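This is the structure I have questions about; it appears just below.
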């Protein structure tokens, strides 16, 4: 039984962590840190939790208190210091935010306008894409939990990039996300009247998940992989679907690619590769830790459809999967969540 | 050709006014007053208007400028002073907001926490429920445009209350509104993630439209009519449906009530009474100035279903209908808007 | 460990049963009966279940096979015969459908156009509103699982009707339901374009849940209670909110009524009575077996807001709660489902 | 004043035609042909039209009766015969369906499984993409009205393909459409519960609009242009957004491309090219005949965002625009429809 502390505990990702961790056999939620809601009941912020969780948000005066593991769900730039403190005291730290995702300080500076405060810490950080980096994650103290869009894209592309197939870059990644991805704070773009009955591309060519995706794909491929990444806001609460286009140099058989994927993910319970001829949608994975993949083609273009629940596999679920790996728990503990059929 | 000025021009009701007035034969939009968006292009706030309306928002230094008629779309308590100025200069004034709706100062004080600044002005104000008060509206200089919920309820109840049928009060008015009713400003309750896939009652027994409804119903009935009014937020953009329950003292024939309604509204083009056996829904009136009514019964209870587009018949449309009456234009000018079929 | 068979297994209620039962400690899903999908994979009908449940639908040739308990999720009129067979063989039977809900054959004939085939069976049937009839349910072999709307209304009204408070009938029950309540079969009213951005009352004064509600309320009150019941279709997937109006004969204090409710439900984990001043919404209960209640007033009218997940507390969840009672399992087993916060 | 007949008059595209044509100065709707709803009131199928349009659907015994122009809104393969009859009698004919879109009989046979019945008729048919083919349309008797997806893609790509810029094909067209695109008939995929809170790619690499897009793009470019086209279902009623990726051979300046677009569409009122830095969304064009375009880049990839209302610019609106051209009416007559701001 380990003690868990969560930073930025009033946000959506943190709330999703709490929902899952409450049923996890090996953990106890010890502290829910929040600077804005200190001493308030969790059910004040989340009425769904009334009579389910009788806890108050805490201040950070005694951070990290008695915790063994910290999940940080903080805005960009705010995790680093907390991570340093936690690691210094021998805790483990999973940054659900973005502070440790980019390995190259120059690239981080360009996209996040921030230098590395503690370069050594960044070296220690392991990129926590669970299905691909499990071995490193197991021995890590500090995890950079992947972004939601990158998770959908990287898992969709890892098998094909691991092969020495010739492809033409850039890879086109056209992603669509539900509104929980925009967070808990009311804004113009998250205003119901604006988002409902609408569909909106944003940050075209300039979203911070682009360098993260390129970093991961390049590492898998062993060479620089250029990507074009376009996110769009879908008028739904949960879920991401990424439509990914890989221009192959020549004719290919889809069934061969399908076998490569099947083999690549054969032991990965959370990756569900659909049989050829079937197509993923967001419903199939909502409220679960699954990523669903389906493969298609149009002439020489391989089309990969990838769906996840952005709050689970794209955030809290993968973070817990990483925790399970780090502490030697059953990788699936707490995560046997069935997707909704409706 | 009259010159129109609109106060509070960045809000939803004002935007709806603009959309309709741009095609009105007898008017010219002269000024769009806004304190927060002064000198900004309309299309900056409403990108839908790009290349349709090339106008900027104005400050109020020279209010009312060259206008002949002012529509005020301001928060409670902010219209009165502008009305005074306009009336003093001989303009006509339609308050789409709530400052002149309640006739009794004590009741206004109780519900809006505000005394009447200029009692004479309040005496002049005519409650602009177009189908019922047309004669007074024609000669009025100052109109209190009805609230959205009250419009749906009053038009639904006027025929039955005009008859000397014995009913037991209170009348139950269970109303459901789309999110445009909550306005343009992002809030917790208008946050997409909160409103979507949800349905929320609010201000139960304490909504400011309750005294307005009771005032209008009592005037029609010639005696105090008690109402219970409960609004709910529907996860759609536009429309109100009110389900209204009138407990009749004894057995009644629905067909007789239907004839009363038919007779009452026979010359009113914007009221569509459905044939017995049919039921209104919100779709039937969306994007139009219609109110659709259908009548039903359950034992001794008369059930009236009433649907309007909250932004049109419940705000801008009725305001324009009132303008048409005040200026002797064709009552339907600008308002022959067809509801969407999908 | 008991063996479960489900009739009408391709429908929504049955699918919800399966989702919950897969994690129930004391049961094994043995047979999923379907006449239309025999031999097809469950994941063919419900792709969300791919790699989660590897089962095929069965025909009914050997019904009830090795089952100990049957859940019937069949259209009206189709359960009775299956119940007879099951009961004759000593099985227990929970009819999630409507065949055993109405106790009075004449009333059943009027509303369902069907006489009782086996009158003795109907006498045995216990109305399975778990919180109110737990003792009878424990010793029952045949359960009539309540309708979704009745569940929301009866639990909302039981405390007040159990008191000898004088109220004026009819009680007004204005209910709003998500589209899963309309079932899996595509129809005009469930067509996305028709239901989306719309809100539709239907079966006003003539819905089959009206006599069921009146039967239950009258039994609780010990006298005939007349109700007016109006269902409406909400453009969401899951959830019912009922707005209930009780006209009390005289002035009352809401806090006293609140105490009555608190006392009445003090040991009932699935009923969450909100503190005075708070208001239920559908989100608070989605994906859970909870019923949330909040109390309000407007002059002499008590207003009760009641929210459930129509597929869980309104169907499958309550059926499993009844199973738990019948078989002596922990009443909450399988049902510690947390509502979604978003 | 010309007389209009509409075939397949109960469908969505036909209903949209009626909505617009009712306000068109130069036409009279003469016949609404429907085999399934003959003699029924239009308001029976579309309750929104109650008291707006008092017409009944007609049979086709005397087709084309007294009509001067026929709009056909029929399923694939059903227009050809009606077109032949109409043209033979000297009428003009606009096929809103797909029978005359593909020029190459072999390609038509491959995608629509149908040979050309009357090859001469197919030669006469002009592809009615109004902004590009206006001159031919003006003198045409038979118009193949473009598909909804092709309209969004072709108008987005015409300026760049008209230049002799070197690009690498295939062009990637990732399109998202609201549910009205799936038609009026209830199906699994249009079932509210399935489509709501979901997002679904379909017909990947195999949609019939692919050859139509390639045909049009190739004609503009003067050489074969390969495209990859993926449609997705969006949980909204109206609108298409296409995200289009053009891989340019080398570095380019976006401002130069923007100027090309500006020049190309400078006289085209229905094409609204947004200023650089702004992004289209579906709301901006809903309920209007506009296509909104915005230009973006990511390294060497040009990204074009294109939004239309699928029922108007993508069907009925463009058909009416073509009619205006054919009959010498003002091109904008009937089509000065303002997009909704909410």
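So that you can tell them apart, the chains are marked A, B, C and D in the order they are listed, and the count of residues begins at 1 in each.
Here, contacts are C-beta pairs under 8 Å (C-beta built on N, C-alpha and C of every residue); 3 or more make two chains touch, one makes a residue touch a chain.
None of the values given here were measured: they were computed from a predicted structure.
Asks: Give me the step distance from chain A to chain D, shortest route via touching chains only.
Replies: 1
Asks: From the centre of chain D, which other chain's Cα mean sits the farthest off?
Replies: Farthest chain from chain D, going by C-alpha centroids: C.
Asks: Looking only at C-beta pairs that count as contacts, which pair of chains has more of them, C-D or B-D?
Replies: B-D
Asks: Can you compute the centre-to-centre distance for chain B and chain D, using the mean CA position of each chain? Integer Å is fine.
Replies: About 37 Å separates the centre of chain B from that of chain D.
Asks: Taking each chain's centre as its mean C-alpha position, how far apart are chain C and chain D in Å?
Replies: For chain C versus chain D, the centre distance works out to 46 Å.
Asks: Do you know which chain C residues sit against two or more other chains?
Replies: Residues 12, 180, 193-194, 196-197, 235-238, 281, 283, 286, 342 of chain C each touch two or more of the other chains.
Asks: Quick check on the complex: what are the chain B residues that touch chain C?
Replies: Interface residues on the chain B side: 168, 170, 172, 174, 176, 193-194, 196-202, 204-205, 210, 226, 228-230, 232, 234-239, 241, 243, 245, 247, 279-283, 286, 296-301, 303, 305, 342.
Asks: So in the complex, the part of chain B that touches chain D is made up of which residues?
Replies: Against chain D, chain B makes touches at 12, 15-16, 19, 22-23, 46-52, 180, 197, 237-238, 272, 274, 278, 281, 283-287, 292, 311, 336, 338-342.
Asks: Residues of chain B touching chain A in their complex?
Replies: 12, 179-180, 184, 186-188, 190-197, 235-237
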